[in-house]
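My questions all concern the structure below.
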Amino acid sequence: MSNSFGQIFRITTFGESHGPAIGAILDGCPAGIVVDEDFLQQEMDRRRPGQSRITTQRQEGDRVRILSGVFEGKTTGTPIALVIENEDQRSKDYGHIAQSFRPSHADYTYETKYGVRDYRGGGRSSARETAARVAAGAIAKLFLKQQGISIQAFVSRVGTIQAPPYTELDLSKTEDNIVRCPHEETASRMIALIDEVRLSRDTIGGIVTGVIKGAPAGLGEPVFGKLHALLGSAMLSINAVKGFEYGSGFDGVSKRGSEHNDEFYTEGERVRTRTNHSGGVQGGISNGEDIYFNVAFKPVATIMQDQQSVNKDGNAVTVSGKGRHDPCVVPRAVPIVEAMAALVIADCTLLARSARA
Amino acid sequence: MSNSFGQIFRITTFGESHGPAIGAILDGCPAGIVVDEDFLQQEMDRRRPGQSRITTQRQEGDRVRILSGVFEGKTTGTPIALVIENEDQRSKDYGHIAQSFRPSHADYTYETKYGVRDYRGGGRSSARETAARVAAGAIAKLFLKQQGISIQAFVSRVGTIQAPPYTELDLSKTEDNIVRCPHEETASRMIALIDEVRLSRDTIGGIVTGVIKGAPAGLGEPVFGKLHALLGSAMLSINAVKGFEYGSGFDGVSKRGSEHNDEFYTEGERVRTRTNHSGGVQGGISNGEDIYFNVAFKPVATIMQDQQSVNKDGNAVTVSGKGRHDPCVVPRAVPIVEAMAALVIADCTLLARSARA
Amino acid sequence: MSNSFGQIFRITTFGESHGPAIGAILDGCPAGIVVDEDFLQQEMDRRRPGQSRITTQRQEGDRVRILSGVFEGKTTGTPIALVIENEDQRSKDYGHIAQSFRPSHADYTYETKYGVRDYRGGGRSSARETAARVAAGAIAKLFLKQQGISIQAFVSRVGTIQAPPYTELDLSKTEDNIVRCPHEETASRMIALIDEVRLSRDTIGGIVTGVIKGAPAGLGEPVFGKLHALLGSAMLSINAVKGFEYGSGFDGVSKRGSEHNDEFYTEGERVRTRTNHSGGVQGGISNGEDIYFNVAFKPVATIMQDQQSVNKDGNAVTVSGKGRHDPCVVPRAVPIVEAMAALVIADCTLLARSARA
Amino acid sequence: MSNSFGQIFRITTFGESHGPAIGAILDGCPAGIVVDEDFLQQEMDRRRPGQSRITTQRQEGDRVRILSGVFEGKTTGTPIALVIENEDQRSKDYGHIAQSFRPSHADYTYETKYGVRDYRGGGRSSARETAARVAAGAIAKLFLKQQGISIQAFVSRVGTIQAPPYTELDLSKTEDNIVRCPHEETASRMIALIDEVRLSRDTIGGIVTGVIKGAPAGLGEPVFGKLHALLGSAMLSINAVKGFEYGSGFDGVSKRGSEHNDEFYTEGERVRTRTNHSGGVQGGISNGEDIYFNVAFKPVATIMQDQQSVNKDGNAVTVSGKGRHDPCVVPRAVPIVEAMAALVIADCTLLARSARA
């Protein structure tokens, strides 16, 4: 079950970076959702390589083909198969890593676990796999839109450059620049930093912040399916992610209870909290406030510099990045974070239908 | 499946804070493990309330009764039922919250989701539920010990007081003080802070660091069962947790790839890395180095101060903590973090047996 | 997951025949169901040993204790732990099988699989485990009753004595005799046969027929969760079951399509079928007609006669049944079949809530 | 999870009869299995329509394309995506059922459950979906062959024509005739019956018997994952199946314990049983003897005769089979039964690796 995610609304992904195709089956998607294929492709384009000068220049059309589960433009309740052919399969670029282990890549661990690996472009461990998640996530978003729920993510940090809190930002501006930070001045500095890092043949990490608006109270399945545990699991499954926090997160540890607690009040019919250190989740269940969280991405492991390593025989070797890679992964990670969040919320929306007799 | 965790080595927990009992069924535990009941009880005692002046003074014996799955001192491969009777059921202490929602507790969300809740002591949302995890985790530890794997956790931070990195500490000293920080000088300051916070009728957060030593390369089931995603999911399911990071974690985002990458070298027959920003996990699979991670806990929501809130009818009310609560949760969270880590590693150990034909 | 059953409405059972207790956790039960404990106990009493002269004379009170998940008489949506203490633990009765393998029992296979077994009374392989299912199934029945769905089973065959088809019977008479066959004349012959078999120190098989009325169209989750596949899986998990068929079943293979097909017609607003060879299920989904099925039980393996076998060392031994056993299992299997059917239908009822957006 | 089957060795299928393609993802397949693509195609050809005069004359090449999980001819431990394009999409053939419900088909139940359906060729409810199972099952067979386990099925009954017990047959002759019954004289009578049924524009049912040889003792995960329960669930998920029995099956109900019990004896080092009414499974775990079972198939619902039915508006209509259909499904069901059995045994083989510490 290692390649499946979700209980009812559930994806199973497949595919290697340089195999014939990647894709996913989305099972448990309710019937009757109008599938806007243009929207699917837009989402794919947000993740696509080659979209701007600060991403890898590798070119992939990333066209999604729907093989099942949609009839006359609507989901039918049967599994939806999504396939994306790999167009750019320059396998010769990767011959140099067939025998060697790239530092901080998965070459060594896959080899050790399975005794065999598709070394071309990292094979299954390539972030290319996440394209399938974006396609399935787009369908989840269409379902959630019907329920009045929106999922947005943006780049809140690159290296040490930090954007203001999301509550001070206009998230509709996220797509206005190539780094996907809705704060224009910060975005400019982030882009400059990524340019500099790229020119020095290096890479840099960053943070993507996710915000879910319009989710009703009642989502989440404690004790092990706490909403934030599901979101955390989803985010930590994305390539290069090193950490997850929601609400006050790691900053919350320094706080006193008296300043951290979110007092309740009533706004019309609705129970609300005055502050939202809880991040919209209390006891693992959404409370109707914004759900927000941060996802930490490490610097990309492939750098255009010589590094010491070993090969399969245990001999010392020098490896160096070749080809076309991202200097910073976060701009392209934004739609991936959104997709995984959408899958979690869609699943929780269906699970919540069973809470009462 | 919301109260189950794990694929093969799998626990299902039950119980409310003030119901007759709490407990767990541990299914999928391999046969032939010698169950040291004294060890089980020791682990329970590390989590038990009333163990020191900086924890809640509520008293529970937390005696574990094994109802099945163990015969003549050994596991039999059949489900192991673990039951802990609730001795200290002062239900009247909790009458005041039957109608009101305590800030940053789960009262409101459970009520909204299920339309009914056991309000006594937080019911199912109480951290008392984690006692069952500690019992099951103790059995996981006994299994892992056979495999040469150890799981240790300690308090690395309380408020803003931070211990040195784990690599500079002697983890065998963790139990030497009541705050469970193996760095004596830091521990003293932590205890002083917790004392101060308690006297001010407030609470404070902290961080528990977990370290897994002796795990072989090959644990973890990408892409969704990445080892760190499973650990993250496990930790985020613990009450009051707000964040999880492993290896370089959130600090890693500020680093360049050239400083963050862990170069490989050979030590005898073994492939090792010179640094360990990866936290022992690459591509979601363990690489044989130490696995380490941080878990952020918020300040306990129950404070001995008046707070504004609302009741079920939406009217404003003042609520105030009563009874006996922890001023800081991290000292008692140490065995819980260890238990959840042990459950994850035990499960991954079994899953890894299927990696090759 | 071998001791769990169901997707959302899910039980996990535990316990050995002669351990301290048996029981189950029922997870995913919706909140708000009024739990009639008298009804629970009545169901237990229908399965209880010692209830009549044609069942084992072993005595167990089979009192169910609810440890969690029910508050002020109602389910709360949290896991319901059900525990039944084993009162009659005459372990000495079973010393003779500690080293030997009883024919057609699970002694040899458990020993071989796990390398250790609780041999007392068959341990985990004892049909005593099904008491936990009956307790959980009683709660499922209470839920289904709210939905207008009833589950009834009865003994339709003992040896070669066959009752008329269910459509010709008054199922309300099932409890009127000790063999649980609602056709009085057939029941008398069945009882006479069981008496005869018991006196000859032998055992005999039989068939239990299950009938589900009031189920709406739309239950079942093809392609692998077809309603009849879930029912079949449930029934085949009951001790001593050798076969399952629904609708026309094995007799259907001899039929022509033209006589087997169920033509549709309209009855008021409702689409119905004139015949019901489909057994209320088409394409794995209920169609609103009665769901009915047969479950074949082999003769009980424990007989009061000498049999040849081998012991753990591979040496030939003679084994002979001791103690108090059922000459025919079907009268006591009726509530077990009902319980398992109720668990399946409850789960499908919840799953069906996710069929449409 | 309705379109997934298996715990570790797990398939998820997709696809409609007349959509672009059908297929499956096989997750959890161990690394290192040599994938013989010719064997895969042979298995597909055994299920393929148009293979003989007694099957449907619909033509499909049923070429399997492997999109992932196999590298340089070997499985890599990553998910294996298998896709079969639908070539013969004569959608106009099915226009007549867009508004009407065919008797004993899934038209009505899918419509009722999902509110929408792909009516072309039965859509998802078509037996065409099983082609994906055969492809995945072929890989399971390759894995099992390494373990010395063989899976064979054959037609043991058509209508009332019954072959001798499998122990009296040479199963290597199964492919020698078009009906796949290894008893030549019986096969001739079966073929004659199917010819007669076809000419009368009708259909007929039958039984497929499965035999698993070489399985070690220890497979099966009681209590809910009993080996025969998993096999039963697998078989009952196949289109048109009405019943499952293993070992003595329904005939066993008429037997006395004294004649039904299988006595143990020792053959060299090995513990064996003199008879095998148990069907190779005791207490839900394999005992090392042959595992055998029967699967009952109803007559195909599509007949070339007028039948009364209703349409979506509830009005009476006459429907009649059109196009090219199987007069009897069992000859083509043989490889499907084998595939599902192989999937179960492969999964149990991996699960059994976790039985002991």
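Think of it as A, B, C and D in the order they're written, each chain with its own count starting at 1.
Quick note on the criterion: a contact is a pair of C-beta atoms (placed from the backbone, for glycine too) under 8 Å apart; a residue touches a chain by one contact, two chains touch by 3 or more.
Since the model is a prediction, treat every value here as computed from it, not as a measurement.
Taken together, subunit A and subunit D share the touching chains B, C. Greatest Cα centroid separation from subunit B: this falls to D.
Centroids of subunit B and subunit C (each the mean of its C-alpha atoms) stand 39 Å apart. Note: centroid distance subunit C to subunit D, computed from Cα atoms, is 26 Å.
Centroids built from CA atoms put subunit D at 45 Å from subunit B. Contact with two or more other chains is made by residues 1-4, 7-8, 13, 28, 31-32, 77, 113-115, 124, 351, 355-356 of subunit A. Contacts from subunit A toward subunit B in the complex involve residues 1-5, 7, 13, 101, 103-106, 108-110, 112-115, 124-125, 129, 157, 159-160, 197, 202-207, 217-218, 220-226, 228-230, 232-233, 236-237, 242-250, 252-258, 260-266, 269, 271, 273, 277-279, 281-288, 294, 296-303, 305, 307-310, 314-316, 351-352, 355-356. Listing the residues of subunit D that touch subunit B in their complex gives 7-9, 28, 30-33, 75, 77, 143, 146, 350-351, 353-357. Contact residues of subunit B toward subunit C in the complex are 1-4, 7-8, 10, 12-16, 19-23, 25, 27-28, 31-32, 65-69, 71, 74, 76-81, 83, 113-118, 123-124.
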